[in-house]
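Sharing a structure with you now.
By letter and in written order, the chains are A, B, C, D and E; residue numbering begins at 1 in each of them.
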Amino acid sequence: MTLLDGLSLLSIASGCFFFVAGSVGMLRLPDAFTRLHALTKADSAGLGLLVLGLGLQADSWWTVLRLLLIWLLVLLSSATTCHLIAQSALRRGAALRRGDNDE
Amino acid sequence: MTTGTLYALCGLGLFGIGLGGIILRTHLLHKIIATNVISSGVFLVLVALADRTRGGRPDPVPHAMVLTGIVVAISATALALGLLRRFYRETGRCRLPEPGSLAPGSLAPGSLERWSPERRSEGGDAEKGNAEKGNGEKGNAEKGNAEKGNAEKGNAEKGNGGEASGGKGDGCRTW
Amino acid sequence: MSWSMLLPLLVVASSLVPGCLIFLLREDRVRTRSVLNLAGAVLKVVLVAAMVWGVSQGETFQLSYPLLPGISFGLNAAPFSLLFVTLSAVLWLFTTIYAMGYLKGSPQRSRFFGFFSLCVSATAGIALAANLLTFLIFYEMLTLTTYPLVVHRGTEQALRGGRIYLAYTVLGGAILLLAIAWLQTTAGTLEFVEGGFAGSLAAPQHAALRWIFALLVVGFGIKAALVPLHSWLPQAMVAPAPVSALLHAVAVVKAGAFGIVRVIYDVFGVEFCIELGVTQPLAIAAAITILYGSLRALFQDNLKRRLAFSTISQVSYIVLGAAVLGPTATIGGTVHLVHQGIMKITLFFAAGNLAETLGVQKVSEMDGVGWRMPGTMASFTIAALGMIGLPPMAGFISKWYLASGALEAGQTWVVGVLLASSALNALYFLPILYAAWFHPPRADWPKSADRGRFETRLTLLLPPMATAAATLLAGLFAQLPFSPLDWARFIVAREYPP
Amino acid sequence: MPDLVIVAPILVPLVAGVVAYVAGRLRRGVAIAVAVLQLPLACGLAWEVLRRGPLHYEVGGWSAPLGIQLYADGLTALMICMASIVELAVGVYALGYFEWTERESQPSDHTPPGPSATGPAATGTTTSESAKRSRGGSFWPLSLLLAGSLNGLFLSGDIFNLYISLELLTLAAVGLIGLAASLDALAAALRYLLIAVVGSLFYLLGVSFLYSLYGTLDWQQLAMRFEFDFVSRCAIVLLVLGLLVKAALFPLHFWLPAAHGSAPSPASALLSGLVLKAAFFVILRLWFEVFPHPRLALAGQLLGGLGAAAILWGSLQAIRQRRLKLLVAYSSVAQIGYLFLVFALASDPAVAWNAWSGTAYFMLSHACAKSAAFLAVGSLQLAARGGEIEDVTGAAADHPVTVYAFALAGVGLMGLPPSGGFVAKWLLLRAALESHQVGLAIVMLAGGVLAVGYVFRVLGRAFAATDGAPQRPIPRLMQWTPLVLALVSVGLGLVALQPLELLRIGAPFAPSSSAQSAGLSEQAGLGEQAGLGEQAGLGEQAGANP
Amino acid sequence: MRGGRKTADRTENTDEGIRSKAYSHREVSTMSPVLWILDALFCASLLGLAWQTLRTRDLFKAIVLYIVFGLMMAMAWARLDAPDVALVEAAIGAGVTGVLLLSTLGTLSAARGEGSQRGGAFASAVPVAGLVTGLVGCLVGVLAVAVWQLPVESPGLSAAVEARQEESGTSNPVTAVLLNFRAYDTLLELTVLLLAVLGAEVLAGSEAAGSEAAEGGVAAQETAPRQETGPRQETGPRQETGPRQETGTRQGPDAQQERPPAADRDPVLRGFVRLVAPAMIVVAGYVLWIGGEAPGGAFPSGAVLAAMSFLLMLARAEEGPRLSRRGGRWILVAGLIVFWGVGIAMLAAERRFLEYPVPAAKGLVLLIEAVAAVSIAATLVALYRGGRLVRRPRRTVDSEFRS
């Protein structure tokens, strides 16, 4: 268990934690927008950590570059998708849940 | 119990679920999804069974077969969806009518045979779905195992007839 | 294709080809149609005459074309088939002339004459068939081509008659097909052999052969109008007169009777039939039909229906002749095939004339019609007397031979049947003759004066008179070399081993 | 390149289909040219098979288990000839048909749309020219691709390749049904597509079992390696069940009447005449040449029983129909029943040859007769402006040629002599009587009598006298094509010897040694003993050959 | 013919063969417990997804579940060491099928104006459902027993493929099988695609025309259901007043392009598309090229191209290249024409149909793959747009006549 392995284990574990957090967020949060928020943010971060962990294990820079490319692409697409879903939810009139304090 | 056998059983499960779905669900979109589920199931069985080759490298031929199968499945699905869209545009319904319950040959615009017999005969066709009443009870057990596939395919048509007779033109009332 | 193979085919084709050509003719091309018709008829008679002459000189005319492995389409000019084909050729000539006159100006004549000639080519094919399969081919063709003739007028009643006719004859065809397939399975061959080929089969086959014989008789019996299977015949009276004439005297009914006789002689052979013991029930059935037909004829007021029932009984004479075993009875039966044809066609021509010119359908309306249409009624009378069996006419000869044959074979009850039926014939024909000649004519008939010199169109008048003359000639000169009786004697001589 | 003759029947129509798809105005020309060209190709193949016995052709040069092999024996050649005859007739008929239906739906012809609320007639009676031309025009590429895939199926030696050909056929058939664009056509096309795809997937599942068991997709090698264990039996059941759905045997036939009844007439002729036979051909091939086994006799009896039920049910339904095309479609259900009798009859080796050759010949004569019937009915329907049987009243007066075409086709369907149908029925009857299955013989005859029932229901109306509105004139092409095709179907009865001779090559059963065929073998003189010997290694199993 | 090809098909067991790096060596028979649990969980989730897809009554939910099911299937293929199939399944099985389903759903629901479509309760009374499930269940049960009894080692053709690998011109065995050993199958498969397009065109035939004439808007005899359910499309300035229903991602693109006012074009989506489109073309090219050695090839690259064009359409970028209608058809059949061309060329060169000479095999395979990829992409797009690749509203005689 070299230092490298330890580090990658740590980052992969935290990545997974982020994914779990995102999922729990999606289940627990009240309305569409907050769920979108949770999903996009947590999963992107989780994936980043995962890519970092795998990058440490990679045997050549070429693989690391490809992993990063994957991460970049996922970032881009999830951001756009989140935006589009939010826009359609807005137009569809999903109830914007007021914050607890101004009830 | 190798990986191959596990996935093959899973494939058979999908095959069963899809087959049940296509027979029981009445909405055509459901039936088309069910068809895709069946094809995924069959492909899974095909590759899983062929995964157990000697020397550890998977057998490429089933992979090629599945690739071809997926493309064939997408073509069939696309055609089915085109048909569904056209059928919906003409009748405003998205369920298959009982065979014969449609006014015989009632014509959509631009159809080829420019006649509309229902101008002549009032009611719908007389043989209201009796084709499958006959084969409902004709459960013929093929040798060895119960190939019931065809028996229930027959009485499925009876099943979806009831639902389809809903009023026309009320859009795709589907629940 | 040597001449001896070509001739039978030509005989069949001589009415097939004009038939197909007539189909293509437009309705208004009357002259070409008549020419085609007559040319076909005359050519057929000439060809048949050539064939008869050839056979009498000992030539054999045979054609065989392999249809299936082991089964072939065969035509063969056996003496018995010649008798039938001569009858059909000659009578077709007269019927064509008659039909041209009868249907003058009516619609759909191209269709009528097309099917008419197809029908006769089917009859010729039946006559010349060399094996049971070819026989079946032409037999079914006969069914198909006569249906449009029966429903020619297209009225609802005609269609109903056609439906009944079709139901019976197609059922007969199916039974026949089963019998023939079964025979092929058991005996292995279907070729007609003089003296029959079934005799050579082993004993265990006999049970099957009895069943096959029964099926064959039922299959042919439908067309020969044996009693339980006869009810299509009166229904088919809705057809126009030339068709009824064709159906009764020449084609359909005769085909059935010819089939039964063919089966007895050339499939089973006479002795084997005795051995199987099947001829006795057949004779009984024929006898019942004879009596039943005559009885029903008594009560028919419509002239054509009366003639139809009389046909039912007359045809069974032929079957009776074949069923009663013994050379003379068979001669009687065979020669009756011709005589009944001539006499019956005369009756139908006369009935057609009455219906066409005077609109007389019913027997009760025939008072004094003799004076109004002497020619027609004279021929009617000659034929009627012949049917009853009075000496100078042809009918007498066949009944005479039948009776003497029955006596020789020791079956006296057959003589009783013959006498009873002759009496019944008299009972339903004589009143007509009496009414026609001795009752005062009714006033409302159109005067004959405005019809030119003769009582009706020549084409309608000549055929019945010609056939009536033939009845007389066949009766008087029975002993001449080429008379029907002599020909029948020649046939039977070959069937019965010396 | 002597083997070109085995690839050409697939290559020519498929390439022509692609060209027709792209070519706008040339579609008709290409289609007719190919239709005419196909007949000599088929005869060339038949001649080659007669001369050299069964032919093998490795596509791509790879030997059997790896590559795909094309295999042509007597049965294949006969089927391809059948397909080319029917396609030629349908192609010529379609020339007149589409030109006429387009002329009929000109803007000038403002026939008011049906009053029914269901048929939204928003676009009034006319659709833009491009749509109609494209629709009428789409028939040509579709029929060419159908022809190519059909020949591909007959020639294919690979069970997965059969799957793709079956799919090709299904999609082409659905496209053809969709051409009619009437409401029941759309519903029928949807139902047919779903059921056919499920059938193909059953078939594919069976293929996957066989592949995983025996490691080869070539059915001739499969035949050699095949053992009759539990898994193989399951594979057989799956294969056969999937194909039964597509061949519309009795309990699984409910999609057929609507599909064939509502398609445009040339399409229904192709569907009923040829596409149904493709699925049956595959079952025939698998049943007798890949997994023949004495223990399959019971399943054979079951299929035969279903066939008998199909004959009776189909005929009775046909008699009850009020619409012309449904009547002819239900008659297809009945005639398919005749085909399935072979599985019951051929289980007894003594009569197997009669039954098998009878069935093959039945496929040939039924294809011609049924297509002629559909074409004739199509013409009558368009002339009488109506699909009901009553609309045909008095048609014999106005359109004698078409009515006689239907009558002659009817003769073929009823199996009356001298038609090809009669010869086939005779062979089947002989097989039934020799193997003492009198029940099947009676059903066959009953089927014939019932067929008379429904054929003459139409003819009866046609011959009735009528004073109704004079019917529209039918273009000459649409009158004479059905007549010629019907004459071919009747003529098949007279020339039965040569096709049966062709069938003997590569047949799974040698002609039984009974008397009449003995006569044939010396007279045949063909080197068929050599052909049979060489082929014996490949095709025949111990059980199947006496 | 190549020497030695015709030797009997001996399945020789060459151990040394090229072990391409794409496949990690793994043992077949025994499964470590962890892997077994993972697989069991995976299969359970697959079955659960399938069951849920078909059970849920809301069609939109069913379609989304089906897309997830497609992605899970892709992972299953990866698990079964079938990367090529995984690629195609993800791209076509889940992606394009999902898009087609959603667009059809859009057409159906757009007409009713409500968001989601209910799937409808189970069809019929319980006894029939029970009977059906029972029958299907025992059918599957019997087949499961059959699968269970299958021998562990199946005599696959991998050894035979490996033996011929170098003659096939590609080192990826699946591409070798697809485009060389069983090239005839792939040829028929492209024909299947063409048939699907032809069928869609026939069905959409009058739809395009119908809708073109309908948009004339004036037709008097328009009956009620037509009016309300007619898909509201419009070309050119006239603004259709029908229920506008902008559903963002589930835009129901009909046979007609819609050209909503500029404001609607989503800046974020346009930016994303402008960024991603060139990348996707490069990826498609890479996948096509790598097909020779590693998983890839015509179908996945075609699917990627198709996905790109879907994105373009979603972002409602202007009409694609100014193609004529005829040009569209040529692209659709380009793959087939090249394939047939190569086949017939081989015939002309006295060889068997589709029998590539060994030196030229690699080039030919690549040529066929490249053109096939383009035409597969075009076909998938055409299927999405109702059978016609190029949809330009044509001023038909009727609409002039009408308006």
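Of note:
Assume a residue touches a chain if its C-beta (ideal position, glycine included) is under 8 Å from a C-beta of that chain, and two chains touch if they have at least 3 such contacts.
As the structure is a prediction and not an experimental result, all values here were calculated from the model.
Contact with both subunit B and subunit C is made by D.
The chains touching subunit A as well as subunit C do not exist; no chain touches both. Counting C-beta pairs in contact, the chain pair with the highest total is B-E. Farthest chain from subunit C (centres taken as the mean of C-alpha atoms): A.
The distance from the centre of subunit C to the centre of subunit E, with each centre set as the mean of the Cα atoms, comes to 73 Å.
Mean C-alpha position of subunit D lies 31 Å from that of subunit E. The distance from the centre of subunit A to the centre of subunit E, with each centre set as the mean of the Cα atoms, comes to 28 Å. If you average the Cα atoms of subunit A and of subunit B, the two centres end up 39 Å apart. Touching two or more other chains at once are residues 113, 117, 120-124, 126-127, 131, 135, 160, 164, 167, 171, 174-175, 178-179, 181, 186, 205, 209, 212, 230, 234 of subunit D. In subunit E, the residues that touch at least two other chains are 142-143, 147, 150, 154, 156-157, 161, 182, 185, 189, 192, 195-196, 199, 203, 205-206, 209-210, 224-225, 229. Residue positions of subunit C with contacts to 2 or more other chains are absent. Of all possible chain pairs, the ones that touch are A-E, B-D, B-E, C-D, D-E. The part of subunit B that touches subunit E in the complex is made up of residues 1-10, 12-21, 23-27, 29-30, 32-34, 36-37, 40-41, 43-45, 47-68, 70-79, 81-86, 88-89, 92, 94-95, 108-110, 145-149, 151-152, 155-156, 158-160, 162-163, 168-169, 171-172, 174-175. Within the complex, the subunit D residues that touch subunit B are 98, 101, 104-105, 109, 111, 113-127, 131-132, 135-136, 160, 164, 167, 170-171, 174-175, 178-191, 193-195, 197-198, 201-202, 204-205, 207-209, 211-212, 217, 230, 233-234, 237, 240-241, 244-245, 250-255, 257-258, 262, 264, 295-296, 298-299, 302, 306, 309, 313, 317, 320-323, 326, 381-382, 385-388, 390-391. Within the complex formed with subunit D, the residues of subunit E that make contact are 1-2, 5-9, 11, 142-143, 145-147, 149-150, 154-157, 160-161, 164, 180-185, 188-189, 191-192, 194-196, 198-199, 201-203, 205-206, 208-210, 212-214, 219, 221-227, 229-230, 326, 329-330, 332-333, 336-337, 340, 343-344, 347, 350-356, 394, 396-398, 401. Contacts from subunit E toward subunit A in the complex involve residues 115, 246-250, 266, 268-269, 272, 275-276, 279. Listed in rising order, the residues of subunit D touching subunit E in the complex are 1, 3-4, 7, 11, 14-15, 17-18, 21-22, 24, 57-68, 107, 113, 117, 120-124, 126-131, 134-135, 138, 141-142, 145, 148-149, 152, 160-161, 164-165, 167-168, 171-172, 174-175, 178-179, 181, 186, 205, 209, 212-216, 230-231, 234-235, 238.
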